[in-house]
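Right, one structure below, let's go through it.
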Amino acid sequence: MRKIKVAIVGAAGYAGEELLRLLMRHPNCEISVITSRKYDGMTIGEIFPRFAESELTFSTPNVDKIIEECDVAFLALPHGLAAEYALPLKDGGVVVIDISADFRLRNLAQYKKYYKVDHPAPELLPDTVYGSPELYRDQIKTADLIACPGCYVTSVILAGTPLLREGLVSTQGIVASCMSGVTGAGRKVDLPFIFPEANESLRAYGVSGHRHLPEMEQELAVAAGIDDIKINFAPHLVPVNRGINSTIFFDANEGCTLEKIADAYEKAYADEPFVRVLKHGALSDTKHITMTNFCEIGFTYDDHTNKVIVTSCIDNLTKGASGQAVQNLNIRFGFDEKAGL
Amino acid sequence: MRKIKVAIVGAAGYAGEELLRLLMRHPNCEISVITSRKYDGMTIGEIFPRFAESELTFSTPNVDKIIEECDVAFLALPHGLAAEYALPLKDGGVVVIDISADFRLRNLAQYKKYYKVDHPAPELLPDTVYGSPELYRDQIKTADLIACPGCYVTSVILAGTPLLREGLVSTQGIVASCMSGVTGAGRKVDLPFIFPEANESLRAYGVSGHRHLPEMEQELAVAAGIDDIKINFAPHLVPVNRGINSTIFFDANEGCTLEKIADAYEKAYADEPFVRVLKHGALSDTKHITMTNFCEIGFTYDDHTNKVIVTSCIDNLTKGASGQAVQNLNIRFGFDEKAGL
Amino acid sequence: MRKIKVAIVGAAGYAGEELLRLLMRHPNCEISVITSRKYDGMTIGEIFPRFAESELTFSTPNVDKIIEECDVAFLALPHGLAAEYALPLKDGGVVVIDISADFRLRNLAQYKKYYKVDHPAPELLPDTVYGSPELYRDQIKTADLIACPGCYVTSVILAGTPLLREGLVSTQGIVASCMSGVTGAGRKVDLPFIFPEANESLRAYGVSGHRHLPEMEQELAVAAGIDDIKINFAPHLVPVNRGINSTIFFDANEGCTLEKIADAYEKAYADEPFVRVLKHGALSDTKHITMTNFCEIGFTYDDHTNKVIVTSCIDNLTKGASGQAVQNLNIRFGFDEKAGL
Amino acid sequence: MRKIKVAIVGAAGYAGEELLRLLMRHPNCEISVITSRKYDGMTIGEIFPRFAESELTFSTPNVDKIIEECDVAFLALPHGLAAEYALPLKDGGVVVIDISADFRLRNLAQYKKYYKVDHPAPELLPDTVYGSPELYRDQIKTADLIACPGCYVTSVILAGTPLLREGLVSTQGIVASCMSGVTGAGRKVDLPFIFPEANESLRAYGVSGHRHLPEMEQELAVAAGIDDIKINFAPHLVPVNRGINSTIFFDANEGCTLEKIADAYEKAYADEPFVRVLKHGALSDTKHITMTNFCEIGFTYDDHTNKVIVTSCIDNLTKGASGQAVQNLNIRFGFDEKAGL
């Protein structure tokens, strides 16, 4: 079988590095173009010595060249560049798998509210598929523009969707308290992220109005079959390299039992290759899933307060970004869904 | 002024080590007895090389000797040993400052439910003062048995008390999501706590029914002036040595404003030497307070969900254990409240 | 092609876990037996939740069963058990790849001196091949008992062999100063290795007489073509999970130049799949090689002192243990040398 | 007793922060001026929230103002600014305690070689005292310009001086292999120092020609009573916040015995308040001395190679910088040498 040709646009960050790690061992892909304005002309080994044996070289992004050479392009860019890349690439027949935030929100007003700019390419939204394989696998199979979910969002919606779908928990009063490793901030050279500042530090940030909030609410509302859901989302920065641990508190609806919770997860994920639901009472740990594409979910019911408490762990760079993107690629191109993962 | 003579019973754990660090530089104290069954006869420097210049030596605990020699005894023991130490020491005229859990809960049934044993010395409970200086300073001044709060508890009740006292938030639906460094587990040699297991790991534990839960509820109910409060408390283990960060979600009552929240904290803590309330919007960070006796509190109001969200940081070994114990000592003996801290 | 059947004896430690990780994705292997006395009857997922999808179950080691079912057995055991496992397995026709220390030293007196016991199966020594693929690949191809090198040893001998072989450096006065992550101590539940003790700690240990010393000397002497070499080896424990960084100081011989050093490495490793020699002046970093089977070597010449200084990094669990063991398996059975790695 | 008034010039880095921590509790000092061009006008709490209760405010450095107000100025600046600050301050009668590198080297050619600029104020060198209390206490008592040693240098010269003074070890072939925590790089916002790059990474740097090398050689030559000594110094960056661990290899001279080594250290340091020499065989650990001004030294003799191996630990920010600077202040002004430490 011919290998498909892949471009990685914005390959010099952590999501780019993780895409490189995964795609280099992918049996059906050949990495054809990797771009970085900053490192134009440098070999991959100069930026990521881990890949020194590769002969790939960074180049300044050139949309025409990608259209000419590639079947698929991963966009690992800051938000707001959709018009510049996603639009022409898709028009040129390249399947676009976007890891940025540009196409995650279906509501333009929400985009503007949270990202502070007008949406750069609203005409593409109708044809965009939200790249959560567990929720939209069928649509992903034929999508030409796939918007990969945010990292925190992935951990929260995989935890909450089965419960809301089955009506086991209330749509009111959901609280998601999440922790992320420092790669979640990107390969960002900024004072709060240098080692002596981040090490031995535990801190919340953005507890009111983080950009991942409307995205969580959008998908949880879909799960609940309602128009609107409002939740609390409190992210925390903690000193690990990789990993997100989300602890989510739901009010149990009447009739909710542990058995029904287990059934809801079973129904949703029994055949999923990358969701691991633990037995009741076992709690997830990022250590179990770092460097993998798994989401590990644990749940319990607290009769003291009538809450369902779910813990959900992913690797923010794998299931939370590049791994999920590769899973989407596999679905879209009909490869083994686990290929490269 | 004569220095008072101090015993540390159970000095070989992390709370004991922190007591030693603080009391060695305390201007009004002389450490007279340090006990450890395991290390009987060994010098302090053999167990804690950091203190190699000290000539203190561990001995097997001897209640009579402590009564004879000491004015005050810190108990840094597992729970359940109250009858063996607190009772005779108090009877013998020694002021007891207990860092264990034995006297924290005023309700014997709760003690039995959460600690799985009958209370070892219920007759002492009526005279016990709960050792939270910000809440019970006057009673501490004359107490002969002071029960120091649990570490998580300290961070949560200092955050919640002013809001509940002033009726700004609901007593229903409080969620406390907390993270602790690994010294919180004690100097415990157990697989989950060895470096390769705890490093690069984020995990919840005891999300339903942790022993600190009833203690939080007891004190939050006092603050609210009601008999009973039920909250959710979810602790997490994260890879730092020291520090607790608690993020607590409250439903705002009608009429609650940011100004009133700020006023409530000002009213409660304006004169407190060890509570730092940040300006609205600033979030606390354990890095700001490790190795100090401070509790650092940040707050915000989320109009999206009508929640008040408070972040509260302490050093689990200082304000969460030994530092608060020394603060209690200072209050009890009329020393400068900051002495040694 | 039929997959070979593999036993992992002593699979519950970190070397065992790493073997499982590598062999589960090995295209030519089927894991048939995994043993652990302690966890007999438990599934792999109960001990290593990361592998929860596997159906492997630990069993008490049974040599007859392994002989009956398996083509190859990896021994990840403490030293001293050779007579119990290696001997009967080899006699039974099973290829033995030993990760323990039992067959690394060719000199029985050295074994006794450093391991404090008589060698348990000296009759096997003559047929043992030292499992360093870069040094003994041809012998490994036909070996039935392969003794995998120690972790520190691997990093040091790969750095030193080309220089000594070519006579570029003196055999006198070699100093190896090495750092290792905490998994190097094994999955050992002991006070010095709990998180609060190992985190934020830098310490040397065993600077005179570590067990890896005679093994380094044995192989460096082979490289130099002399009977005996004496070096200094100082290991240090540092707070990372994985990785060894060795900095080795050699006295340059007359005529040694940077070009000759580069040539010596080129000659030795140009075709090696798992040795990366950096350009002069670049220094190796464990970050470049963790979770891979690479040894990354950097070198420089210090004209100030006439020393050649080499830095050599490996992942102690991969190239330093289980990865190298799998590389040996690949060589022995004629697989692609990179299979599973 | 009147408190002396102190200026900290360049107070916004880690050495400045540590000076603040120590001087705020110093019984004989009042911090009068803290400077930072970048943070001019900001309160100390805005930059270091740990000190939020202080009312100190950063100002742009103003030499005249410092001369007018202060008795002593600590300079925590990059090298090369001596002419701008040290010179006029000293002329103005302010005692200067310099933590920068400008006055550490007595040889101007060495300064130019290693720092790549002409010395900015060579006329001050003759009156400068090297601020190692253990080596130059008497001169420090009357010095008006004290050049505090580099961090690595402190750990190495305290380890080596007694051995060289007593002629127990050779002046040839000394190798110092050292590790430092990341605060050693300063509060520097640069890619190699962000958490995901520095965490789980072990790397050597500057193994040939680090700026601390000539300074070590200068002081070790003094100890040996010879003009010139050449050593190897290999620093490594490791993921801890604070701490330096140096392992130093010396060739033993004839007649060197463990007893004589112990005697040499005893002779040198028996009365030193901040040097802890461990019993033979015990190895130092940064954990024992972080946040203190101690240097902890362990030693052993390796008869296998006839080497004396010494391990020496300091906190790079305390004994390696600001703590030693305060110790010098105490000596210079006749305070208790431990005041504030």
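Should a chain be cited, it is by its letter among A, B, C and D, assigned in written order, with residues numbered from 1 in that chain.
We take it that a residue touches a chain if its C-beta (ideal position, glycine included) is under 8 Å from a C-beta of that chain, and two chains touch if they have at least 3 such contacts.
Note that the structure is a prediction, hence the values are computed from the model and not measured.
Of the chain pairs listed in C-D, A-D or B-D, the one whose interface repeats that of A-B (more than half of its contact pairs identical by residue number) is C-D.
Among the remaining chains, D is positioned farthest from chain A, on the basis of C-alpha centroids. The centroid of the Cα atoms in chain A and the matching centroid in chain C are 37 Å apart.
Per-chain CA centroids place chain B at a distance of 47 Å from chain C. Work out the mean CA point of chain C and of chain D, and you get 39 Å between them.
Within chain B, contacts with two or more other chains are made by residues 181, 199-200, 239-241, 285, 287.
Chain D contributes residues 14, 181-183, 187-191, 193-196, 198-200, 239-241 to its touches with chain A in the complex.
Across the complex, chain A meets chain C through its residues 49-50, 52-53, 200, 276, 278, 285, 287-289, 291-292, 296. Interface of chain B with chain A (complex): residues 173, 175, 177, 179, 181, 197, 199-205, 207-209, 213, 230-232, 234, 236, 238-245, 247, 249, 283-287, 290, 298, 300-302, 304-305, 307, 309, 311, 313.
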